[in-house]
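Two complexes come next, and they have one chain in common, chain A, joined by chain B in the first and chain C in the second.
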Partner chain A sequence: MTQPVYMQEFREFAANGGGEGPSWLLPLRRSAIDRFAALGFPTPKNEDWHFTSVSPIAEREFRVAPAARIVKLSPADIAPLTFGRADWIRLVFVNGRFSSTLSSMAQLPAGVRVLDLATAARDEPGLLERHLGKIADYQHTAFTALNTAFMRDGAVIHISPNVELDTPVHLLFLSAGDASGNAAHLRTLIVAEHHARATVIESYAALSGAAGYFTNAVTEAVLGDGATLAHIKLQGESERAFHVGTLQARQARDSHLVSFSYAAGGELARTNIYTFLGGDGSGATLHGLYLLDGTQHVDQQTRIEHASPNTFSREVYKGILDGASHGVFNGQVYVRPEAQKTDGKQENNNLLLSPQARVDTKPQLEIYADDVKCTHGATVGRLDEVALFYMKSRGIGADMARKLLTYAFAAGVIEAVGVAEIRTELQALTLKRFTGAAAGL
Partner chain B sequence: MRPVIGGRLLVVGYWWLVVEQYQLGRDNVLDIRNLQARVAGNDILKGITLTVNAGEVHAVMGPNGSGKSTLAQVLAGNPVYEVTGGTVTFDGRDLLALQPEERAQAGVFMAFQYPVEIPGVSNAYFLRSAYNELRKARGQDEVDPLEFLDIMEKNLTLVDMDPAMLNRSVNAGFSGGEKKRNEILQMAVLRPRLAILDETDSGLDIDALRVVADGVNTLRRPDNAAIVVTHYQRLLNHIVPDFVHVLSAGRIVKSGGKELALELEEKGYDWLEAPAEALA
Partner chain C sequence: MSSSIETLVNREYKFGFVTDIEADTIPPGLGEDTVRAIALKKREPEWLVDWRLKAYRRWVTMREPHWGNVRYDPIDYESQVYYSAPKTAKPIGSLDEVDPKLREAYDKLGIPLKEQQVLAGVAVDAVFDSVSVGTSYREQLGKLGIIFCSLGEAVREHPDLVRKYLGSVVPYSDNFYASLNSAVFSDGSFVYVPPGVHCPMELSTYFRINAANTGQFERTLIIADEGAYVSYLEGCTAPKRDTHQLHAAVVEIIALANATVKYSTVQNWYSGDEEGRGGIFNFVTKRGKCAGANSKISWTQVETGSAITWKYPSVILQGDNSVGEFYSVAVVNHHQQADTGTKMLHLGRNTRSTIVSKGISAGQGNNSYRGRVYVGPKAAGARNYTQCDSMLIGNRCGAHTFPYIEVANDTAQVEHEASTSKIGEDQIFYLQQRGISKENAVSMIVAGFCKDVFKELPMEFALEAQQLLGITLEGSVG
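Take a look at the complex of A and B:
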């Protein structure tokens, strides 16, 4: 275990840069690093990490990239990662550090604030003090504690009451150049005030080939009464990368979180989507797609806590696993005694393309209210023989039929993506991946 | 028989030759000889013999469990069914030796009783892929999406289908009637030499039934053939067959013209239940 490395790094950071910003921030960092020291990296004995060993992360030393190592990139370098929309509000981070030159936050509509975290710490201390570290739980989760101790780069998005932001806010987290050994503790805060509406895209991508870096990202989201937040996470880290990313949301009355989580990158990757349905009538719709190959280990955990009456959750996660990859799905639904009339549906379907591929799926329902409707289902299987025969009976050869059905398995969940540009790109990506076809379904 | 002599013998002989020539020259599409098949260890088809020529529509009727659907599935090559005996010749080729996709490429089309939903693949893409696979198999160039749209337009009218259906996933969320229309649309686009309708009429209201029947009738040509598998006579009011065969317990127990269907409608299947052993 290399915890001492992080403790040492924290002492250096606290003395140099970590003390910047409002006065409450450094104590928060200290409290978080103390929790990290006490918790340590999770082991498989920890129920939440039963199928995933993080020892490959714990045994290496990752350090925050010094500013001097920031790689210079031009807008042309990032153009392929912008979904053809140069006009979106966009914050770009390279190897964990905010790049103002690559970002575009100029044309913000009234009632919308989008800032990088360091600027927000200077200009919006009140907003941060109200929410930062209040939703993401660093008391019990080591990676969130580590992130809270080191957070410096990230985004702050604030949508004022009744403001509906039509343009997505795109957070692009890039690794480039020689990123091996880098740690990026990215922290994002999204506040959608009452009846606000916004779409936030987090995409993780590598321009650096097969670098072994560590992304440790935490996003906190606050949804006021009647607010709607669409959150799209696209995890396309390098094939040697380590990624732990958490979205933790707290929802007020009648708010709706619409999450889509795509995971295709990384050697070892974990995504947590947690939400707390704290207001009557609030709900969460979670969709996920993980596409694995080689020796990848990719784990997705979701936790929906129904803490108020009449709350709902809808969840569909799908995985396609090839090679000797290992996938994990753990879907927790927790219904508190007061959350009567909870309506929850969860589904996890997996397609294994090779005999060496493996998936552990664990739906986990804990229900303490008596008047609820909760269902869950999990499948692990191969392609549907009836559908294969149907396609063949129309003249489509066995090989092509298999490829198309594999694509179709993924496409079913991609349809849930609310942003057309991203939906189209994911369709093209998966079509190419599974059929070799360049375009056009 | 009365003895025949001289010129009359020659004339009769001549006519016999003409008739025989005509028979040989008949454009034979499908020749099923003593076909036997089983599923999950149960023998379903116990010796089917049936010849289908170009320009003909054959109705195959029979009670539940008689094997009529199995016959359709076996001809299309459904791997669930195991052929245990007999031969099937399609345009001179051994049909049973072909994979399902090769059968389709050779010109066999089966409209499914329960069309399969394929969420994620659009109807347009699916149909164009199938269409192009058939063209490739015949040594023709593939068509691009725009050319294909042209082809689709005419056929959509035929089955009275909204073009928007092309952008929806194959059969996903379609009503029963829409699914069957979609089968006929596929048939219209792929223009098979032999169309097999596997209880396409089941579960259809009269309007959908009419659309399906109109589609089949429009596609009837002297150089193709159809086998219409149905439980009920009502479809045959709209698709008038040249021959009607009745299956019972895996054998054809009676064959006749279109009037046989009416007789079945009136009397039911019970009077035919006596198995073929009695006839053999």
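Take a look at the complex of A and C:
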């Protein structure tokens, strides 16, 4: 365990002003690092980490990249990662540090504020003080505690009441150059005030193939009455990277969180999507797709806490596992006694393409209210022999039939993505991966 | 909803009587001396004493598990009595020699120890507190080569079989309660069915805790040799007491090639009063091993009693084409807590398992299904189907599902589905407007909800189970 390394780094960080910012920030950091010291990295004995050992992360030493190591990139370098939309509001982070030159936040509509975290700490301390560290649980979660101690780069998005932002906000987290040994504790805060609407895309990508870096990202989201937040996470880290990313949301009355989580990268990756349905009539729609190969270990966790009456949740996660990969899904639906009339549906389907692939799934229902309707289903299996036979009987070769059915399995979830450009790109990627076809059929 | 339901819910536990029988008990407390004292009382051979001591030494190093979704005050293992036997002057030769008071107790329980057996067609071994008091039908079974006796007797008369299989499915080091049981187990039932024999009648054991502050630690061992078949029933009751009593049993089943074992339980230990005082802590390890090809082990359980149930009847599917089944109805009312489910471990090729779990929560009860389906890398063609449904009656109860599905073979097919919902108001309304009373409507709906499990029970038990369910639940719609 290399906890002492982080403690030492924190002492240096704090001695150098602790990333500056308002006066309440350093005490928050200190209390978070204390919690991290007390918690330590989770072990598989911790029920939340039953199927995922983080010892590859705990045994290595990752440090925040010094500013000197920031790689210089040009807009052309990042163009392939922008979904063909140079006009979107975009914040770009390279190796965990904000790059103002690559970012474009110029034409913001009225009532919309998009800032990088350091700027927000200087210009919007009130907004940060109200929400930062208030939603993401660093008391019980070691990675969130570590993030809270070191957070410096990230994004702050604020949508004023009744403002509907049509353009997505794109947060691009890049690794480039020699990023090995690098730690990025990215922190994002999204506040959608009452009846606001926004789409936020978090994409994680690597320009250099095989760097062993560590991304530890935390996003906090606040949804006011009637607000709608579409959150799309695309995790395409380098094949040697370690990734732990958490989205933790708190929802008020009639708000709606629409989350899509795509995971295809990383040697060891974990995504946590947690939401708290705190207001009457609020709901969450969660979709996820994980495509694994090689020796990847990818863990998808969701927790929906129904804490008010008439709340709903819909969840569909699908996984395709090839090679000797190991996929984990844990979906928790928790219904508090006061959350009567909860309506929850959850589904997790896994397709194993190789004899060495392995999947562990744990759909979980914890229900303390009686007037509820909750279901969950989980399946693990191969392609449907009957469907294969049918396609063969229609003159499609066994190989192509297999590819098409695999694509179709994934396509069902991709259709849930609300942003056309991303949907198209994911479709093309998946099609290429499973059928070899460049585009179309 | 209705006050009559209220009264029905609060109907008393009818097995709550205490039988005043002189008992031979050892002082409370647990140590190597206790283990030796039990072994001495039972005149056990040295290998078994050693095994018990190994278990005890392991147990001392273990920590009580707390991962279950159950809450209770700490158990003082030192205050428990680990051995209590009804005093008899001499070893029992026939059932007629059983203490009449004991017989009376069993009559109250409705256990056909006497001639009713002929009608019921059930061979019974009854375990009172810690020792087995009599086994009926032995001769008839003996002709077929079937051994059905108390475990203590089996240790003396069939030591080779016991030594070979005891601890082979649930090792003495398995878990906290299994280790405790291995160290201090008092008695239990032993069944051996020789190759190719189809046991012609249901074998049955009735467990009864009578003495106060006594833990019951029975251990059952069932071996079905190649091609054999046996169906085994287990029932449990205890007197009403306002202190908690510990029950930590172990059941081991071995099915060799082509053998089938069907194990049915109706568990109706005292569940405590409406305030949650008293009741049995039922911490049980039950596991079967399908050791040979084409073997089958089927668990059916109806859990209506106990203050706390912590129990996961499991099957190790080792033989190719072997089959594991788990059918469960678990009902909690008042302050009862149940954390129960199963483990199906698919190791052999083309192994199949079915899990059907029905949980009913009423009052302030909490019911958790916890299950594990594991498909190993070599279990090609493995198949599992799991269905767990929960029904909620009343707004202070809870229903929880914790399924663990671990698949390491791409040819496996695993399906899990679960649902939780309130008992259907519209269904009750419909039945009521057809002239059916609310109580009957509820019990009809519940019976329908549990039908898939009840139909797996042997006839005698199916009726009892339905009645029990009725008693536990009636009136909980309110």
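Note that in this section the second predicted complex is superposed on the first by the 438 of 441 C-alpha atoms of A that agree within 3 Å, B and C clash if a C-alpha of one lies under 4 Å from a C-alpha of the other, contacts with A are read in each partner's own complex, and residues count from 1 in each chain.
Criterion: a residue touches a chain if its C-beta (ideal position, glycine included) is under 8 Å from a C-beta of that chain, and two chains touch if they have at least 3 such contacts.
Quick caveat: nothing in here was measured; it's all calculated off a predicted structure.
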For A:Pro27 in the superposed arrangement: first (chain B), second (chain C), both or neither? neither
Between chain B (first) and chain C (second), which does A:Gly126 come into contact with in this model arrangement: first, second, both, or neither? neither
Which of the two partners, first being chain B and second being chain C, lies in contact with A:Phe409: first, second, both, or neither? first
Contacts for A:Lys392 in the overlay, against chain B (first) and chain C (second): which applies, first, second, both or neither? first
Check whether A:Ser354 is in contact with chain B, with chain C, with both or with neither, and answer first, second, both or neither. second
If you stack the two complexes on chain A, which partner ends up touching A:Met400: first (chain B), second (chain C), both, or neither? first
What's your read, chain B or chain C touching more residues of chain A? C
For chain B, which residues are in contact with chain A within the complex? 76-80, 99-101, 103-105, 109-110, 112, 115-116, 118-122, 125-126, 129-130, 133-134, 137, 145, 169, 186, 190
Using the touch definition from the top, list the residues of chain C that touch chain A in their complex. 67, 69, 375, 377, 390, 392-422
In their complex, what parts of chain A are in touch with chain B? 384-387, 389-398, 400-401, 404-405, 407-412, 414-415, 440-441
Residues of chain A touching chain C in the complex: 47, 50-51, 337, 340, 350, 352-382
